[in-house]
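The chains carry the letters A, B, C and D, assigned in the order they are written, with residues numbered from 1 in each.
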Amino acid sequence: MTKARQDRTIDIAAAVEQVADGMTVGLSGFSYQNPPMAIVRQIIRRGLRDLTLVSGPTAGIETDLLIGAGCVRRVVAAGVALERIAGIAPAFRYHAERGDVEVWECDECIWYVALKAGAWGVPYLLWRGGVGTSLPELNTELEEVEENGGRYLRVPAIRPDIVFLHAAEADPFGNVRACRQAYLGRSFAERALAEACNGAVICTVESIVANERVVAEPEWTLLHGALVAQAPWGAHPGGVSGRYVPDLEHIRAYARAATELRTGNDGPYRRYLEAFIHEATDHDGYLRAVGDHELRSLRIEAA
Amino acid sequence: MTKARQDRTIDIAAAVEQVADGMTVGLSGFSYQNPPMAIVRQIIRRGLRDLTLVSGPTAGIETDLLIGAGCVRRVVAAGVALERIAGIAPAFRYHAERGDVEVWECDECIWYVALKAGAWGVPYLLWRGGVGTSLPELNTELEEVEENGGRYLRVPAIRPDIVFLHAAEADPFGNVRACRQAYLGRSFAERALAEACNGAVICTVESIVANERVVAEPEWTLLHGALVAQAPWGAHPGGVSGRYVPDLEHIRAYARAATELRTGNDGPYRRYLEAFIHEATDHDGYLRAVGDHELRSLRIEAA
Amino acid sequence: MAIATDKPSGVAHIEGLDEATTALMVCVVARELRDGQVVAFGLHADAMLSAAMLAQQLHAPNLRIRHGLRAERGMVFGAAAWTDRRDDDSWRRVEYLEAHDAILRAANPASPMRFCDVFFVGGMQIDREGSTNLIGLKGADGRLAVRGPGSIGTTSIGTFAADVILFSPEHSPRRFVETVDFVSVPGWKRRAAVGLEGGPRLCVTSKAVMDFEDGRMRLRSVHAGSTIDEVVAATGFPLLLANDIPTTPVPSDAERQALAALAGSDSTAGDPAVTDPTRGDSTATDPTSGDFGA
Amino acid sequence: MAIATDKPSGVAHIEGLDEATTALMVCVVARELRDGQVVAFGLHADAMLSAAMLAQQLHAPNLRIRHGLRAERGMVFGAAAWTDRRDDDSWRRVEYLEAHDAILRAANPASPMRFCDVFFVGGMQIDREGSTNLIGLKGADGRLAVRGPGSIGTTSIGTFAADVILFSPEHSPRRFVETVDFVSVPGWKRRAAVGLEGGPRLCVTSKAVMDFEDGRMRLRSVHAGSTIDEVVAATGFPLLLANDIPTTPVPSDAERQALAALAGSDSTAGDPAVTDPTRGDSTATDPTSGDFGA
């Protein structure tokens, strides 16, 4: 071969350089699972503003943290919660109630339908879920219409400008894989986001694997064509199926700080941002701030 | 357990009893691969009429044979061909040119979009492929419309009344599996048909496997909730990936007979129907008519 | 709200409820599930999972279950099969796997691959016609003042499901209101207005079981330990009363044995420090207070 | 139509063409493919596969290929990876697998997971603006008289692809017509009328290579063994002529070596008794005669 195949790896800082204020940013993560937290923290370090997040379909700490740090103008998600720790994600709650953050009110299906419209290059798709609810009242982009004697929502297309994912592994050429040992993370919303995306799909991964492994097991490739950034523990304090479980102690501490926002005390939240994002000037610094012992305790042993 | 789990197996005759004249019938098969031929032959034996076939997306001998036998009023397929043997399927060509059979002119994507609309319970979906072509002129159900300054086709929903598939194997409870040794047949249009279906999904299979095997490898389950009919060699003269290759000699002989239709000589075609369908009064009879030696020569050895 | 009965083991834990009450609620739900149905529920609905598995064991061997957390004779629909500190391997024990956007299949209840027939819904508010609200609460000015988590999967799946079962451990005037502030899943009158079929069939709380008559909630039975008067007082709208309102039958021997057998399978220990008001198994007390959401 | 050159081995067989002509056409296509593109083609397009793999070897290591039959650094998009009497196992040598309805992804050429940038299209008819027809031919009454196979995947993928390459071994006035009877994939003027971007860039036949100027087909080079006059006469509309019309460069040493190396991989033997007029690699002679379709 006269030319080498292009290496599609990139570092976290360069990945986030591609984001600008006001962009629509797709984020992986289903609740605690696979949020691209290393990217999120770098977005906060850069002080980006007015982002529209397409999170989820059910968003978690990645969305709450970006909101709490002031980066977000609008959230497209069917729910934002910290599971049993906070049924309503606290920074999301605080800023949505203040009106700082606009919520594109939807449910999981409508979230998918909007992205399918984006992927299919059509201005809208019809959908029956949501008629007779408050969604069209709260989300003026969802119009309730009559077609062929039935009532439907016109769900407009959503097309992220850029998508960030976190996954177990990828090869250097942009083939992203789930962890072989686990179903999870294999069929989240990543494909829906990537297919609708107008621009780069950037995936942080726990480890980079050889292309030979991808070819040997093509059925485990989730998506292709991504840019790949190595970020071990990159979903922390979320989890990665087959690799490590969510760090509930960390999330609980975060939630306590965020809950203080509603009492008018933003000190704990600011201290959280300082300790884990601003003072830890990069992902390695973050991992040092969390501590090796804590991280190791989260690791899932191979079956 | 006080009650037993329901066995969802059925025989071929009982399966075809569920079809009535005029129904919209979904058929699996991508060209030579996985056509539900045992079912097709039983439909012909029953003398059913005026069926709308949703074949394909790229249809082959299952569609050509049903057309040649006079069962079909309308075909929804992006193409009907016998690969290299007949670039235009001969009975399809003959009857379409005579106007006996109406063609719901589309392409593979539009075929899928119509079924997605059916599955999603909406009257139509917008699609951009096909604007500027003859499709809306030839298929009056495809309306070219202007939306948000762009031109799109309104593709109406298609919902089969019943769907027939052929696959490598299934358990007695309706979990249909691809052959573990082959990718093929794993991700055809079967899911699109089953998801849009208004009624029963009936799958003939080469062999019935234990539920334990399904549970041990759930990632190989193509679809669930089907009724299952055992029909070894049920795709013949088509092939089943990982099991047997198409019987090109048989297809070639069939194509020669069907090509005679256009010359006004329907004798060879009638003789084909007699020998392989009417005299062979059931699937076992068909297999005897084909011959054990011929069948064995098609078998794919496990790697 | 404890009820006096032997403590069955092996039932999912519901925050704030004793095991006996939880077991009773699980049995009530299980009895409602019919053979051949497909039932679906959300991430943390452990009690619903117990109920579905119990029904499978006792009278509904063909029940199919869609559950994010664990699935038996069902699927892991994409994401959710993990919990807390345990990496769940339930996907190895199911019959099929589908991507998370299989939830769009909810739109075709006629397909054999349909997403579900029965769907469980909780809410910050539930009203007399069975509408639910996960969106938020209105302030004095009529605008959203208390932000809820969002509708999650409830809206569309609840729109298409033939049978919606409302599940609310908490039974209080604040939870059961005359009219929800915002609608996540429409109840009977709202559904009729837009031509939706199906709707809420049952509402199960820690105090009672309600069904619906002409689209209005009706008291069907009261759990031992509660009274009709107590239930009526705990409901923020006039509850219709059935002609005969028995005590909810306690778990039978067969039910208790089956529940004990299920204890052999993985059970999920809730995180004791926290609650989840967004799912059907929640016991969050006050959606406007600080004691949830953190 | 044979051209005088050493016979390279390892090139896909095209029915009715000698190996040297096929190899030349393969090289012409390969030279047009740019690094980083995603190329897609149909079931029997063996020549296109050879071209794409050749380009990957020589100058486009990041080319991604979507092919139903075999795929290298690409995918098997669902169905098609078998051929004739051989069960193809190419899915074991690819990097990803997708269900067949991944073709719907053609609608978003901006996504990194896009279906393709370059798409190959054949036709029963091709006209001067590059429209193609797989639907059928009109009779004297203006209605469809000769049934074609149908548009297969060409319409939508051809609509969204930035670059459409027309591939037609047959070069005759019957194939190259002033205006196609029916349109499967629109050419330049029809695309402009409905606001489609991209369109036909190149047309490769067994006689010549054409490109487009202002939306009209133009002769770019003539294969050794043919002449400009012969090509013009074989085209059923006035062909624009480039200022300089060279002989199509024969395969270079590097191209021939790479083609020979590809011969080590599985090659597909066409079924000699039959033809396939519906794909780009067809040599069907007369779509109105009885010599194809059986």
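Note that in this section a residue touches a chain if its C-beta (ideal position, glycine included) is under 8 Å from a C-beta of that chain, and two chains touch if they have at least 3 such contacts.
Fair warning: this is a prediction, and the values are worked out from it, not measured in the lab.
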item	value
Any chain in contact with chain A as well as chain C	B
Whole-Å gap separating chain A and chain D, where each centre is the average of the chain's CA atoms	41
Rounded Å distance, chain B centre to chain D centre (Cα mean)	28
Residues of chain B engaged with two or more neighbouring chains	113, 120-122, 127-128, 150, 183, 191, 219
Set of chain C residues in contact with two or more other chains	91-92, 97, 104, 107, 160
Touching pairs among all chains present in the structure	A-B, A-C, A-D, B-C, B-D
For the chain C and chain A complex, residues of the former touching the latter	15, 43-44, 76, 78-82, 84-89, 91-92, 97-101, 103-104, 106-107, 133-135, 144-157, 159-160, 182-186, 190-191, 193-196, 270-271, 273-279, 282, 284, 290, 292-294
Of chain B, residues touching chain C in the complex	1-6, 118-122, 159, 171, 173-175, 191, 194-201, 211, 214-216, 218-219, 221, 223-226
Residues of chain A defined as touching chain C within the complex	30-33, 57-58, 77-81, 83-90, 92-93, 96-97, 103, 105-110, 112-113, 127-135, 137-138, 150-151, 182-189, 191-192, 239, 241-242, 245-246, 248, 252, 255-256, 258-259, 262-263, 300, 303
In the complex, chain C residues that touch chain B	35-36, 57-62, 64, 75, 91-97, 104-105, 107-108, 110-114, 160
Chain A to chain B touching residues, read off their complex	113, 120-128, 147-148, 150, 152, 183, 219
